[in-house]
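Below you'll find a set of structures to go through.
Two complexes come next, and they have one chain in common, subunit A, joined by subunit B in the first and subunit C in the second.
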Partner chain A sequence: MAKELNEAFYQQLQELQEVDFVLVELNLYLDTHPNDMQALQQYNQLVQQRWQLAQEYENNYGPLMHFGHSYSRHPWQWKDAPWPWQV
Partner chain B sequence: MIDQVRYYYPYVSPFDPCPPMRVKSYVVPPNLFVSYQPVNLPQNTPREALKLGTLWPIFYSPYPIPGSP
Partner chain C sequence: MWIYEKKLQYPVRVSKCDPQMAKYLTEQYGGADGELAAALRYLNQRYTIPDKVIGLLTDIGTEEFAHLEMIATMIYKLTKDATPEQLVEAGLGEHFVNHDKALFYHNAAGVPWTAAYIQAKGDPIADLYEDIAAEEKARATYQWLIDITDDVDLQDGLKFLREREVIHSLRFREAVEMLKEDRDMQKVF
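And now, the complex of A and B:
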């Protein structure tokens, strides 16, 4: 069964990608600035936001990760196209 | 802002079999000029950050390809 690729699918995926990228940047920044409280707060806030976005996405379109890091509905959803690199 | 494209003028041999390139250029990344990143720098929005490849505008490099429009 293929996913329904509507406007919302792309929007949610893009938001997730944006938050993920900012998290990477802040992660690398915090590696060299471990005492920057403001950046740390921003990081933790975004972790929470990412978690919410990921959950919303997975509820609608199936697992983002496999090998036990995401839930799947019946029937097994991991094999459903498109895969992230096909979007 | 520091100009990120620099030029140099290589030696051209009189026996050069090809039409010589008299000017060559290279790009310097902006992070070279920031030794330790200051705190509380202005940030791009997440959307811009993903598109430009950096969260902080001072680290943005357009990486222009010399000679391209």
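And now, the complex of A and C:
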């Protein structure tokens, strides 16, 4: 594997997974409760928090997404291991 | 379209090499009530379901692919250090001679995945009831999988997936109620 994965990597990954989990939950909930203002506010707030966490993660460990949704340094980082099942 | 994200939905850890458990887990990979069947079922039903529930089918269908990746990761990690002898011992000899350690869409007994596992009736209530049943069957399968392993790390991932089935079932039940409300509203003149 290309990079040495330390404690900090797993910590940051988990923080992102935690926020993303709440976002998935709120998303599905809002699909059937579209008028719940509080849930919607929570969702929008977390979108912002998620964006910041993803930025930090990508700064340290490379792009999370392809097709123009993440920046890359030189040389092209997207194809670099580790892939999710390798960590 | 779909965008891939280079991370798992939830961490997958295993505490030992266990090809036999990997064999059992393929039930949720390419089995009738597995994650592939779930994803393909929901995403295919979207085109003819009322607008009100297209979003839900899209989101749950997409999440199922994240679960498929988690199951694949479990199988990969449980088998990556196994010798051919260990695979044979675990009942994976037939799999090994055909696929080596590659994953394949079949169930725990080696029966290949088929579209006959899933349905799209074009009737929203019929489709959503099938979806609720699918979630309950997947939840039960996860329970039996949790019951037959003593690997607490693996159990942790499986428990997450079991709980997701519970939530999906709940959301599908709410979708049924939304459609019933709409149907009843239309009768009022």
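Quick note on the criterion: the second predicted complex is superposed on the first by the 85 of 87 C-alpha atoms of A that agree within 3 Å, B and C clash if a C-alpha of one lies under 4 Å from a C-alpha of the other, contacts with A are read in each partner's own complex, and residues count from 1 in each chain.
As a convention for this text, contacts are C-beta pairs under 8 Å (C-beta built on N, C-alpha and C of every residue); 3 or more make two chains touch, one makes a residue touch a chain.
What you see is a predicted model; the values in this text were computed from it and never measured.
Undergrad: When the two structures are overlaid on chain A, which partner does A:25 contact: first (subunit B), second (subunit C), both, or neither?
TA: both
Undergrad: Between subunit B (first) and subunit C (second), which does A:84 come into contact with in this model arrangement: first, second, both, or neither?
TA: A:84 contacts subunit C only, not subunit B.
Undergrad: Just to be sure I read the superposition right, which of the two partners does A:40 touch: subunit B = first, subunit C = second, or both, or neither?
TA: In the superposed model, A:40 contacts neither subunit B nor subunit C.
Undergrad: In the superposed model, which partner reaches more residues of subunit A, subunit B or subunit C?
TA: Of subunit B and subunit C, the partner in contact with more residues of subunit A is C.
Undergrad: Is A:64 touching the first partner subunit B, the second partner subunit C, both, or neither of them?
TA: second
Undergrad: When the two structures are overlaid on chain A, which partner does A:17 contact: first (subunit B), second (subunit C), both, or neither?
TA: both
Undergrad: Jot down the residues of subunit A that show up as touching in both complexes, subunit B in one and subunit C in the other.
TA: Of subunit A, residues 17, 21, 25, 29, 32-33 contact subunit B in one complex and subunit C in the other.
Undergrad: Sort out for me which residues of subunit B touch subunit A in the complex.
TA: Touching subunit A from subunit B are residues 36-37, 39-40, 46-47, 49-50, 54-56.
Undergrad: Touching residues of subunit C toward subunit A in the complex: what are they?
TA: Residues in contact with subunit A: 3-12, 53, 55-56, 59-60, 63, 69, 72-73, 76-77, 167-168, 171, 174-175, 178.
Undergrad: Name, in rising order, each residue of subunit A that touches subunit B in their complex.
TA: 17-19, 21-22, 25-26, 29, 32-33, 36, 38-39
Undergrad: Mind pulling up the subunit A residues that touch subunit C in the complex?
TA: It comes out as residues 10, 13-14, 16-17, 20-21, 24-25, 27-29, 31-33, 62-67, 69, 78, 83-85.
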